[in-house]
Amino acid sequence: MFRNQYDTDVTTWSPAGRLFQVEYAMEAVKQGSAAIGLRSKTHVVLACVNKANSELSSHQKKIFKVDDHIGVAIAGLTADGRVLSRYMRSECINYSFTYESPLPVGRLVVQLADKAQVCTQRSWKRPYGVGLLVAGLDESGAHLYYNCPSGNYFEYQAFAIGSRSQAAKTYLERRFGTFQNSSREDLIKDALFAIRETLQGEKLKSSICTVTVLGVGEPFHILDQETVQGLINAFEMAGEEAPAADQGAAGEEGAAGEVVAAAEEGAAPEEGAATEEGAAPMDI
Amino acid sequence: MNLMDSSHSNPMSLCSQADSQRTLYPYVTGTSVIGVKYKDGILMAADMGGSYGSTLRYKSVERMKPIGKHSLLGASGEISDFQEILHYLDELILYDNMWDDGNSLGPKEVHSYLTRVMYNRRNKFNPLWNSLVLGGVKNGQKYLGTVSMIGVHFEDNHVATGFGNHLARPILRDEWHEDLSFEDGVKLLEKCMRVLLYRDRSAVNKLQIAKITEEGVTISQPYSLKTFWGFSAFQNPTVGAEGSW
Amino acid sequence: MTKQQANWSPYDNNGGSCVAIAGADYCVIAADTRMSTGYNILTRDYSKICKLADKCVMASSGFQADVRALQKHLAARHLIYQHQHNKQMSCPAMAQLLSNTLYYKRFFPYYSFNVLGGLDNEGKGCVFTYDAVGSYEKVGYSSQGSGSTLIMPFLDNQLKSPSPLLLPALDAVTPLSEPEAVDLVKTVFASATERDIYTGDKLEIVILNASGIRREYMDLRKD
């Protein structure tokens, strides 16, 4: 038997200096359907894939408005994500009650990370099983952060989390150099392309994704389905490209993406594959 | 011993003890502060007297202080409460700076914060006995506002506390205009301060003028205004006053 | 040291008058912009009107610090409502919330006198009028604040709301057209300003109708 002796509670170190419970929580993030974010100087776009848990159910909401200037996309345990976004909403309301100005995003992200960190150091607690992409705008410009269950947080130009996010990351890594000066429309376009990467050949439709925008003079909002479908059609993604990708997915494009993935992240694509079977307990 | 025990069990004395923890009236007070917007920012004036009732007890009280990079605070009323407020703000600005993230609290935020502090203390029936004037400039936006000890607050192009409301604001309403130069602004404030000096018994002839612009805060050295007391009515004020002395 | 100040009071009256008139497809809410304390005018341009939701506007007079606290509280509650329900609060819902919020401080009241105006779910004008501790009533028109004693009888005379004793209850909305209502509001404020020292400087009028929200201003006597 190879039972892990060091993973029964969060506060126990392994001899190799790891906290297994925390790492398991980070695995939960990879099981959720993909969420991506990217930003320019003035705008941030969040997008996610909506996966229904069963044929009979609808999908869960994965992107939340926190305030006019902050939005969040989640992957992992949606229930934990809702708790955290409720916390973020109340922090924003409290701040603007006192100062009559919006809470700077970077500060909210640190508070959120500190909240997650506490769960990694208390024996009676459990880390949050959710990763959050936090998009925000403040006086220092547009920002995109990733908050991890471990209590770590990172600022990104573009990032993707969740199942098969590696493919989206590869796409974003290829393109991020131009994002800083991108127009709002180009950001949305790149967001849709990145989302399509995570679908592994499945046809991109507005019904399986959510796209949100936030920027200077534009409060956080979710684009409605018609708009998104219109954009998808305009980019001719639904038309010619998608079928081509459909056939080629297993062979070329998909494989190429996974080579990079395997090199960098190891298990990510496999986890994604498992999710497909609807066997992911974390998504329920 | 018995006496002490009984006093502990007496609800009335507990009550009065709680009362004595509150400011029922001020001890050392400063008189009016006035502030105006001008071309490049905000100008503020206050004298340096600290009155103990009707005694002029202190003569070098600084009643205007910079708050962070973008704000300037002037206070009338209880001096100790003002210094307490400065402690709150020092802490606030320190924590704000510690983030070191390119965001900072501007005059609007500080004013809003002060309003909450003053109002919360009045809700606890334990007011900070001050009228505050807050001025500042951030991102080219001028800001001038005031808060009273019960939380009443507003913004205007010119504000004044205490006697200044009676004596200075009518002058300001007459003579203030949007593109006041620095020199004209100072002249206008001095005119107001002179009237206050003549008519407000707790005003003293030692004042400071503070300026805040995009560049930051400058508070002048203390100085005096020229006054003229040689009116014939002042020569022998009791002449014509009927009475035994 | 002997006590020199009068006993400290947590309250002040900063004056001001508010009026709201509901019509069949509009609502007019108005208030002056003077803020006073005693015989002092603190500022001549302070808005007493607060937009609480897309179709819901509140005008308040009384103690400014309490009024501002109340407005902020309602704004925060409305944000929470929007997060939870994904829509704007309706005017009747806001009316109930305002009543509850005022009554919550029944024994240390918000010294604020409010009229709430807006459009209901059918797009019909509605006005709610309050006392400081939260008792409220849906009416066709109302006035609150320092000039209300001068304004209210004038409105009664001009608008002649149907008797509240009639059964079934008749519609409370006024028969006036929107421009007529705006004119009436201007007249009552000009009149109140003549005699009420706490009303004056400027009149702010907010008009809600199917096409959205609109603001108008009119100068009043400054003395």
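Order of writing sets the chain letters: A, B and C. Residues in each chain are counted from 1.
As a convention for this text, contacts are C-beta pairs under 8 Å (C-beta built on N, C-alpha and C of every residue); 3 or more make two chains touch, one makes a residue touch a chain.
This one's a predicted model, so the numbers in the text were calculated from it and none came from an experiment.
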Comparing chain centres built from Cα atoms against the global Cα centre, which chain wins on proximity? C
Counting C-beta pairs in contact, which two chains come out on top? B-C
How many angstrom lie between the CA centroids of chain B and chain C, rounded to a whole number? 33
With chain centres defined as C-alpha means, what is the inter-centre distance between chain A and chain C in Å? 46
How far is the middle of chain A from the middle of chain B, if each middle is the mean of its Cα atoms, in Å? 51
At which residue positions does chain A touch at least two other chains? 97
Could you check chain B for residues that touch two or more other chains and list them? none
Tell me, which residues of chain C touch at least two other chains? none
Per the touch rule above, chain C residues touching chain B in the complex are 1-5, 8-12, 14, 35, 37, 40, 42-43, 45-46, 63-65, 68-69, 108
Chain B partner, complex, touching residues on chain A are 97-101, 104, 106-107, 110, 138-140
Spell out the part of chain B that touches chain A in their complex, as residue ranges. 99, 101-103, 105-106, 108-109, 112-113, 116, 139
Along chain C, where are the residues that touch chain A in the complex? 72, 76, 79-80, 83
Mind pulling up the chain A residues that touch chain C in the complex? 65, 67, 89, 93, 97
